[in-house]
Amino acid sequence: MNGADTAFVLICAALVMFMTPGLGLFYGSMVRSKNVLATIMQSFIIVGLVSVLWAVAGYTLAFGKDIGGVIGNLDFLFLNGVGMTAGPYSDTIPHLAFMIFQCMFAVITPALITGAFAERMKFGGFLVFTTLWLFIVYAPMAHWVWGKGWMAQMGALDFAGGAVVHMSSAAAALAATVVMGKRKGYGRMAFIPHNLPMTVLGAAILWFGWFGFNAGSALAADGFAANAFVTTHLAAAAAALSWIFMEWRHSGKPTTLGAASGAVAGLVAITPGAGFVTAMPAILIGLVGGVLCFSAVLLKGKLGYDDSLDVVGVHGVGGTWGAIATGLFASINKAQGLFYGNPSQLWIQLASVAATWAFCFVASLVLFKLVDATIGLRASDEEEDRGLDLSQHNETGYQA
Amino acid sequence: MKKVEIITRTFKLDDVKAALSEIGIKGMTVSEVKGFGRQGGHKEVYRGAEYQVDFVVKVKVEVVVEDSVVPDVIKAATTAARTGQVGDGKIFVVPVEEVVRIRTGETGDAAV
Amino acid sequence: MKKVEIITRTFKLDDVKAALSEIGIKGMTVSEVKGFGRQGGHKEVYRGAEYQVDFVVKVKVEVVVEDSVVPDVIKAATTAARTGQVGDGKIFVVPVEEVVRIRTGETGDAAV
Amino acid sequence: MKKVEIITRTFKLDDVKAALSEIGIKGMTVSEVKGFGRQGGHKEVYRGAEYQVDFVVKVKVEVVVEDSVVPDVIKAATTAARTGQVGDGKIFVVPVEEVVRIRTGETGDAAV
Amino acid sequence: MNGADTAFVLICAALVMFMTPGLGLFYGSMVRSKNVLATIMQSFIIVGLVSVLWAVAGYTLAFGKDIGGVIGNLDFLFLNGVGMTAGPYSDTIPHLAFMIFQCMFAVITPALITGAFAERMKFGGFLVFTTLWLFIVYAPMAHWVWGKGWMAQMGALDFAGGAVVHMSSAAAALAATVVMGKRKGYGRMAFIPHNLPMTVLGAAILWFGWFGFNAGSALAADGFAANAFVTTHLAAAAAALSWIFMEWRHSGKPTTLGAASGAVAGLVAITPGAGFVTAMPAILIGLVGGVLCFSAVLLKGKLGYDDSLDVVGVHGVGGTWGAIATGLFASINKAQGLFYGNPSQLWIQLASVAATWAFCFVASLVLFKLVDATIGLRASDEEEDRGLDLSQHNETGYQA
Amino acid sequence: MNGADTAFVLICAALVMFMTPGLGLFYGSMVRSKNVLATIMQSFIIVGLVSVLWAVAGYTLAFGKDIGGVIGNLDFLFLNGVGMTAGPYSDTIPHLAFMIFQCMFAVITPALITGAFAERMKFGGFLVFTTLWLFIVYAPMAHWVWGKGWMAQMGALDFAGGAVVHMSSAAAALAATVVMGKRKGYGRMAFIPHNLPMTVLGAAILWFGWFGFNAGSALAADGFAANAFVTTHLAAAAAALSWIFMEWRHSGKPTTLGAASGAVAGLVAITPGAGFVTAMPAILIGLVGGVLCFSAVLLKGKLGYDDSLDVVGVHGVGGTWGAIATGLFASINKAQGLFYGNPSQLWIQLASVAATWAFCFVASLVLFKLVDATIGLRASDEEEDRGLDLSQHNETGYQA
């Protein structure tokens, strides 16, 4: 046990917790004002819902003793045996600190999905879907990668959640657009963010919290953490720049929304490799991440599917690029990528990317269909017209 | 009595108000409106999606005055609001059949 | 000259604008209003306290046109704005005695 | 038909609405406006810079009714909105030549 | 002296500081827009006012050497002797760090009260009341519980301020409603929050900062802190859920405001026991806390007193429940509650609850009456109509 | 290497990073709503731009091995040799942690300048100016004071950036107003903050982050850091009070904007001395800082130059006062000021103040003129009328 590591991980956990309501503000700012609360609410209540589910059973499924590479056993059900002393995943911090740090990751991941079905989801269906998804998609994914499951065993590198967090949520987002269809008027009416200063606030909270996310994933206050902190920051910075330069070229002017979106894209892209690459490759990962995600978002317009807030374009594309880039640029400790003489790492990364997308997309599709067929996913036309704030929550966001 | 409605640029509001005050107008009512006209709108871009916004923010000033004052109001407002660029706006004159001051119940000319 | 005031649902604004443009209308002025009518309002709840909100957000479009165009405007707006549900709104026609274009000082038909 | 425009204090809106409902009015349209008048405005100060704000927030209620109802509307609104302090506002009556209910196409008295 | 503990407590102090402006946004968002600044201002300027008063004399009254169990002596007047080395309350952190951590608690407590008299308080009267209250109510309370005063001596458990922070401010809030009466139009007009996205932001900042509040109260970066961090998070999560489920049952729909309110209620409820209970009881404390506070807020409507932003319903009821629950569920180290075989702890808790309410209510009542009789508490009718932003501060919150 | 110090500095770096978007919100809230995004964007994109430039060349110019007291050498170009082990500026934290902590200072400094030319700057010109300014003004300043350059050698005290951050940006701000002239309508129209709750949020984020800024500058989690934390907080608190009391006297009422402005003024004033003075002098520095900055802001109105958001009045005056006050009140370790028997320190401080203003003003003036003559600084009249959000970025801040 080490006080410095404990202090560091606990503060990092607080930072990561702050991200999810921050994500709510980020997402909520980009919908029309009649849906602002419903959108924020989804992220906010996920902090409540998933945290409790995680303590009850999620943690043990993800981090209980490995069963065949597939899932954790039930040793830690109801946090039984998760105490103030060190646990199996770190010698230097209390087991409870590790558990709660991981809890914050389990919280934000399903919250990311909500961007895809924003402005048309029923609140009840959303709660049920999220509950199922946590146990059936997230917990296994976390186990495979961080809980000594098969992906870890095969050597896949995912420092802070390119697969577990970003690809998994993006695959679910894609499934959502398939099952739920477009918002009323999509392609015909203007869907314009209603409060961009709040978007920047949300992005700032995300960026701030992401230091906890990535540097905290070192689970220790050391040079490794410092490196992850630096790569995180530089990739975000670089992607904010490359996104707005793409915009500048494409439509004549750089935008604030573009800068915020680019920063998030960079943060996503560096997540899988934050602790494995050094600063200059991190800048490159960010630059390319900004370009790729911007292009993917543009492409969405052409493909015509309605991923309301670009979960696939940002988290899917950014996370995938980051996982591959880790296979190219990893150079720290035993993690070595293609450019450092280890081509096999790239193949492992590609395999883990493919498996993640396939599993998460199919499983999410099934869950969405299931909920749709039972209690229903989509708000009625009339509810969508009035806005979800009134129709789902009897509230309105702003009063004159 | 007539109601003179002046629709013009937002940043001209203070000038119009001053010009009307100068000719003795003691009251007016203002609202924020959006105008569509020859001036055209502007483009907005959000994550690569371009939207043509046709409406321009304008301000509407409503002044109810005696018939005889209408020409003065028009003159004052026109002078104050004019920039000479497309989009300066319009003035409409509408008949008013009755005016009441709520506080006193006065009607007609005494009420404005 | 007449002023046609069209009060209708917010999300119908684009359709109404398009319909009016189609019949040659070159300008209009729009404001956000709240309407009270047969449509009824909705309930809002804050920390358990329930409030009945009777007003519904609507949009008001004002178009000043020559007398002869009024029927066309009414027809175009009615068609564009109708959903058939309670709350589609109203059209009011008000006489206008004078019109001035601020930029040029033109009056009458030339000014709209 | 007439349009009665009632400009008054924001916090009197509910009372005016209730008074009009009481005399059988079934619809009205409300907008937020800023008024300039005898009431005067207020001072605002930002980092030591003082600004005189002349405009006061008011509410405008528009009700279109048959001619015969106008006096009742004026009476009801005046009573409901009066505080006796400067700034209670005004009522203007404007002629309306045509009314259409968008939903049904009904016109005239049937439409309000 | 220990660097890890010092780092932890300093960062926690920063987190707690952030809570008070966050509370300002939380409160300010819930009033009508004409009072938004006046409401925010009360919290913000309290950070200024109380911090200076604390350094000058508050700290020594609370934490100076004990005089008869009642108050601290004047050894630390003007922070004399409070230096860079360890002080009497912890061997591992600088005395200055302990002092400033405590300062943040002294700051937020009177800020909590402002929710009760929002939308009708004169700024001058508020400043004078707050000054008096800090010295006459807060400093003694802090001394009794944390400064080795009589409540500590009798063995009352209050980990991070159920009595010192929440019950004390709620008792003052109750006194405020008695002395000041209702807002103009209360019960007849609609009092609707004017900016609920800002409410969620405020609640998020509170939740985030509360990790500093509760985990920081361990004064060390260890397993004890990790446990407090976990119980804090889980209770907040559980209460957000139970509050919205109550709403769902009661009026047909869950609300965003309810989720935010529930989270705060859970944070309040766990505060006295955060370091003494384990994770599963924390969930229970949160669940029950959400239900009780929701019910108390409903009840207010029926009792007809005007506690504008439910300080009594949330902090009073939540804090009281938390203090009692600590007597039931405490199970860590020497803290043992009824369910762990120590019924006497419950009696001690009940006694401390009763004493806290009685002392704080009476003392606050006297102070409010005093200020009312001298410089005045309540804005004039005309000022209340125009809004406090203009009438107290010559400003308006928003410009088109 | 020391884990506690590493944890502390990394978290502090995250706090300082959060300040710059917070500054964007602070500034953006005070302009008219048609310029809100353009103003926020300048701060936000600086995080991107300057971070990348810093990693590439800024860091080495500032902190490379000293060349004649004037500039750093190129040893650390592209962060070459800046790694996970300790570097030349601290034995207890990774070199990367020191680099990124310093990066956040390099980021916020040019962002401070943006307040001066708000509402009239072209985005392209702004980017070019910022790039040049970083290398030509900021990097040398940082080197002279913290990189063992001539100011450090002569013994000037600047704990966390009175000269490097605040005077330098204020001198640039003054140069901006000279070169760019006033906003259209300045002095005739009302320039009123459009969203004061957001101003308070911005100020709260700044205050919160400033703990990282000042306490983090100790580079260790010890009593020295605790002292800097305390002085920072108390000076901010005191200045918020003294600013509103000045307002009260001057125009009859205290304002929320005044409280927020005062807090920032106090934070600026304590920055150079935070680690060198004790708590009571810190309160005095804050009280005087609030009075001086308020007076300077008033004076601006009379002098008639258009420093849109008072960069000179707050950062220039506050930073200068702080540097002088350090020469008066320094009393910790080897830092001793006039009142502690070392009058020569005051002269050194005055010399460093004069040199900083002279160098930064002249260099900034040249850079502004250069950019003005080439790609242009000022938006056209028509662009200024429409607002910079639309004219520079094709966006609008808020939708009904």
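For reference, chains read A, B, C, D, E and F in written order, and residue numbers begin at 1 within each chain.
Quick note on the criterion: a residue touches a chain if its C-beta (ideal position, glycine included) is under 8 Å from a C-beta of that chain, and two chains touch if they have at least 3 such contacts.
Just so we're clear, the structure is a prediction, and the values are computed from it rather than from any experiment.
Peer 1: Treat each pair of touching chains as one step and give the shortest count from subunit B to subunit D.
Peer 2: 1
Peer 1: Spelling it out: a chain qualifies if it touches subunit A and also touches subunit E; which chains qualify?
Peer 2: Both-contact set = C, F.
Peer 1: Count the residue numbers both subunit E and subunit F use at their shared interface, divide by all numbers used there, and answer same if that is over half, different if under half.
Peer 2: different
Peer 1: A-B or A-C: which has the larger count of contacting C-beta pairs?
Peer 2: A-B
Peer 1: Starting from the mean Cα coordinates of subunit D and subunit F, work out the distance between those two points in Å.
Peer 2: Computed value for the inter-centroid distance: 51 Å.
Peer 1: Rounded to the nearest whole Å, what is the centre-to-centre distance of subunit B and subunit C, using the mean of the C-alpha atoms as each centre?
Peer 2: 18
Peer 1: For subunit B, jot down the residues that touch at least 2 other chains.
Peer 2: In subunit B, 31-32, 44-46, 94-95 touch at least two other chains.
Peer 1: Quick check: what residues of subunit E touch more than one other chain, meaning two or more?
Peer 2: 2-4, 7, 11, 192-193, 195, 201, 251, 253, 255, 257, 394-396, 400
Peer 1: Okay, what are all the chain pairs that touch?
Peer 2: Result of the pairwise touch check is A-B, A-C, A-E, A-F, B-C, B-D, B-F, C-D, C-E, D-E, D-F, E-F.
Peer 1: Which residues, counting only subunit F, touch subunit E once they are in their complex?
Peer 2: Contact set of subunit F toward subunit E: 2-5, 7-8, 11, 15, 32-33, 192-197, 200-201, 203-204, 207-208, 211-212, 215, 220-227, 229-230, 233-234, 236-241, 244, 251-257, 259-260, 262-263, 278-280, 283.
Peer 1: Once bound in the complex, which stretches of subunit D touch subunit F?
Peer 2: Within the complex, subunit D contacts subunit F at residues 44-51, 53.
Peer 1: Under the stated contact criterion, what part of subunit B meets subunit D in this complex?
Peer 2: Per the touch definition, subunit B meets subunit D at residues 1, 3, 17, 26-31, 64, 94-103, 105, 111-112.
Peer 1: Show which residues of subunit C lie in contact with subunit A when the two form their complex.
Peer 2: Subunit C reaches subunit A through residues 11, 14, 42-46.
Peer 1: Using the touch definition from the top, list the residues of subunit F that touch subunit A in their complex.
Peer 2: By the definition above, subunit F touches subunit A via 1-4, 6-7, 10-11, 13-14, 17-18, 21-22, 24-25, 28-29, 36-38, 40-41, 44-45, 47-49, 51-52, 55, 78-79, 82-85, 93-94, 96-97, 99-100, 103, 123, 195, 198, 201, 389, 392-400.
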